[in-house]
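Reviewing the structure listed below.
Chains here go by letter, A, B, C and D, matching the order in which they are written, and residues are numbered from 1 within each.
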Amino acid sequence: MKSATFTDVIMLLHLGRLPSPGERRLLDALLIGMADHGSGAPSCATARLAASGNRSSISSAVAAGILAIGDDHGGAGSNTMALIEASLAAAKADGLTPHQAAARAVDDAIRNKRRLPGLGHRVHTTDPRVKVLFDMARAEGVAGHGITFMEALAAEAGQKIKPLPMNIDGALAAILHDMGFAPPAGRFLFIVGRVAGLTAEVAEEYVREKPMRIKFNVEYDGPPLSSE
Amino acid sequence: MKSATFTDVIMLLHLGRLPSPGERRLLDALLIGMADHGSGAPSCATARLAASGNRSSISSAVAAGILAIGDDHGGAGSNTMALIEASLAAAKADGLTPHQAAARAVDDAIRNKRRLPGLGHRVHTTDPRVKVLFDMARAEGVAGHGITFMEALAAEAGQKIKPLPMNIDGALAAILHDMGFAPPAGRFLFIVGRVAGLTAEVAEEYVREKPMRIKFNVEYDGPPLSSE
Amino acid sequence: MKSATFTDVIMLLHLGRLPSPGERRLLDALLIGMADHGSGAPSCATARLAASGNRSSISSAVAAGILAIGDDHGGAGSNTMALIEASLAAAKADGLTPHQAAARAVDDAIRNKRRLPGLGHRVHTTDPRVKVLFDMARAEGVAGHGITFMEALAAEAGQKIKPLPMNIDGALAAILHDMGFAPPAGRFLFIVGRVAGLTAEVAEEYVREKPMRIKFNVEYDGPPLSSE
Amino acid sequence: MKSATFTDVIMLLHLGRLPSPGERRLLDALLIGMADHGSGAPSCATARLAASGNRSSISSAVAAGILAIGDDHGGAGSNTMALIEASLAAAKADGLTPHQAAARAVDDAIRNKRRLPGLGHRVHTTDPRVKVLFDMARAEGVAGHGITFMEALAAEAGQKIKPLPMNIDGALAAILHDMGFAPPAGRFLFIVGRVAGLTAEVAEEYVREKPMRIKFNVEYDGPPLSSE
């Protein structure tokens, strides 16, 4: 308790071992990146909206925010980890390299018309955080087959589909894979990181804002109402 | 199971007895009134927002909507029931009538600068549903001291404070009190009624809308960001 | 508001139309059956356990109970409805009868080693509620292809696999299908019905039980602890 | 992102500033202490129970666990912080020392027959973690009026009421107060710490346990059932 960090214990609880100094630095960086993306993200907005109606219990609003986390929000990391794990396992069984595994994953995606998780972004063309994280992973001795696979995946997809730079979810999936986390951990760690932000959002909502402040404008577009 | 209605069983579970035909009609009317107030209410908007991020589990979005229910949203009924119960009990101990109990409650509110629950409304000057419900309660033989108290409360407050017509929460609180429900039941029944609406809102969200569709525009108003 | 029942409005919100008298009676029976299965069910136990730690907000405990509802608890109805819908649609496209659709579903389940939802039960050999509900559905003119399919499914499975009597989830799935509900409605309606029971369980927990009363005995079975 | 720790960002989000090295070490120790108290605690048991019924969404079970956090579980820290803050503020206004503030708080508790938060424990007579944390706080230069007040409170209560050694909630409340956190932060930080444990509990439940494994034995003690 006296010298370990909270991040150490998060890893201990999930992997049953403490991180190396390099792993600790990377896990800190990943958790910080997950903590908050602004009040407009579904998890943060849901937490604030719940607090707008119910101020009887602090934990209610935080829980509501967490409930907005799923496949479409906060789920891309674990989905990418599942692709990495399955692709590398199948490749290993067939005596293929991580590069060949990535090429096969791209071919499969094209054939089955499936999107590849971890690539592409609505706003950024290239996410600068990816390089920062991968440089850290290499410097700290954490980089392994996960990073190799994801870099090859982005390169192959860029040639065979269209430019699809790796996004932050792809980067964290590669690093968490290389640290030894199983795919669901992508989602569990997102929740751990995001709760730091959600608690701060809810704290601010309680202190600065009035209850029932958030109004939604909704337009009726159903069948015409009867005159009665 | 063959002849009872769902509303009968809601009453049975909460009061340990089946309703009379008149009580059933009133409880149906109250639950219907609680079911849905449009997609803009905090509970509905929270449920839809959670569904926007997480479509892995139907129950998540419904639960998130329920978490928005508290003192400020869906809580006015039980707060009014608590006032009715406490005022009538104190009045009875002192040999006072329900009218005298209401006069004392208004005097107390003035002295302690407290708002009286169940009176006043942001939009309506007079809520037409109050008269409909009270007429039903009288016709069905359900009306008792709760209704007498709330009508006297509105009249006394109108004379001593300002025009404060009874709102729908005041009406349902009076009727639930007269049926024998304890104050927390006001909130429990609101949840039961509202879940009917929340499930329909979430069902529509899944069928008609895309994930991650709801965007919040948030303006930063914190300290200036450092140039770094 | 004056003559409709709460059950009418539940159907109106989900299907956009009011039920016939026969449909109303059946929907009441189904919702009553979903309302409560005793305090030991995961949804009820979760709600009571949450209330044991947190009494600041009534809605928290109810929401926690709802979160226990998913594929394994409360999900069998909608899973069966999905089987009915898909099987009947495919059969119709191929010009087959509901009986033939059921035979094909059983053959598919045997070939793919999949369990058939809506059949079998841990405790009951024959669930007497199934006959009661189907008799009602026939008497009320609601019975359609869903009931025909499920009865044929149980018969075919009994011949080709082993005795697998229809369970209550199979019966309600057949009836909801015949009323026109889509598969997810099986889960939404389970939530609506169960919330009646959850609110009563939480109300009782607050009134009768002390906080922190529920203790779990957990045995450590991890690696030996270090002596430090 | 490259050198800050997750704990730094938790403090930054809640207080708007980074911790000193000493504060970081203390906050790490506090968060670790909150992370997990065994699977039998209400929050952990609720999370596992929800996962037993619903495995469709990882976030559901974590949210259910958080909903068990309230006044009776995880709330003692913030309640103690509120006592410290109010007592020190009133004392300052009256020109009293923290010691005198503590004596007054004990007298008030005796007069109003109220329990003092942060003192006493069901199991431990003296919690050894209190001394460890206070020694750290003093060595790291974090100790202030909060620690002085709580030590005086335990001493005064021991003389005037009965032996009431400080518990872990009292210690963390004193330290968080001395770092500048407002009372609700006691609960927010408990949620942040506990989520690390909850995610690991849920991860283990998914991997090691079967759905619907948790059974509650409930004995009926209501009125006799009718023969019908």
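We adopt the following convention: a contact is a pair of C-beta atoms (placed from the backbone, for glycine too) under 8 Å apart; a residue touches a chain by one contact, two chains touch by 3 or more.
Please read all numbers here as calculations on a predicted model, not as lab measurements.
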| item | value |
| --- | --- |
| Between A-C and A-D, the pair joined by more C-beta contacts | A-D |
| Farthest chain (mean CA position) relative to subunit D | C |
| Whole-Å gap separating subunit C and subunit D, where each centre is the average of the chain's CA atoms | 39 |
| Chain centre separation in whole Å, for subunit C relative to subunit A (CA means) | 33 |
| Inter-centroid spacing, subunit D versus subunit A (mean Cα positions, whole Å) | 29 |
| Shared-contact residues (touching 2 or more other chains) in subunit C | 54, 56-57, 59-60, 63-64, 67-70, 74 |
| Contact graph of the chains (line, ring, star, complete, other) | complete |
| In the complex with subunit C, residue positions of subunit A that touch it | 16, 54, 56-57, 59-60, 63, 67, 223 |
| Residue numbers on subunit A that touch subunit B, as the complex places them | 38-40, 42-43, 45-46, 49-50, 52-57, 60-61, 63-64, 67-75, 211-212, 214-218 |
| Subunit B partner contacts - residues on subunit C that touch it in the complex | 1-7, 9-10, 13-14, 25, 27-29, 31-33, 35-36, 57-60, 62-64, 66-70, 74, 129, 132, 136, 184-185, 187-189, 191-193, 195-197, 199-200, 202-203, 206 |
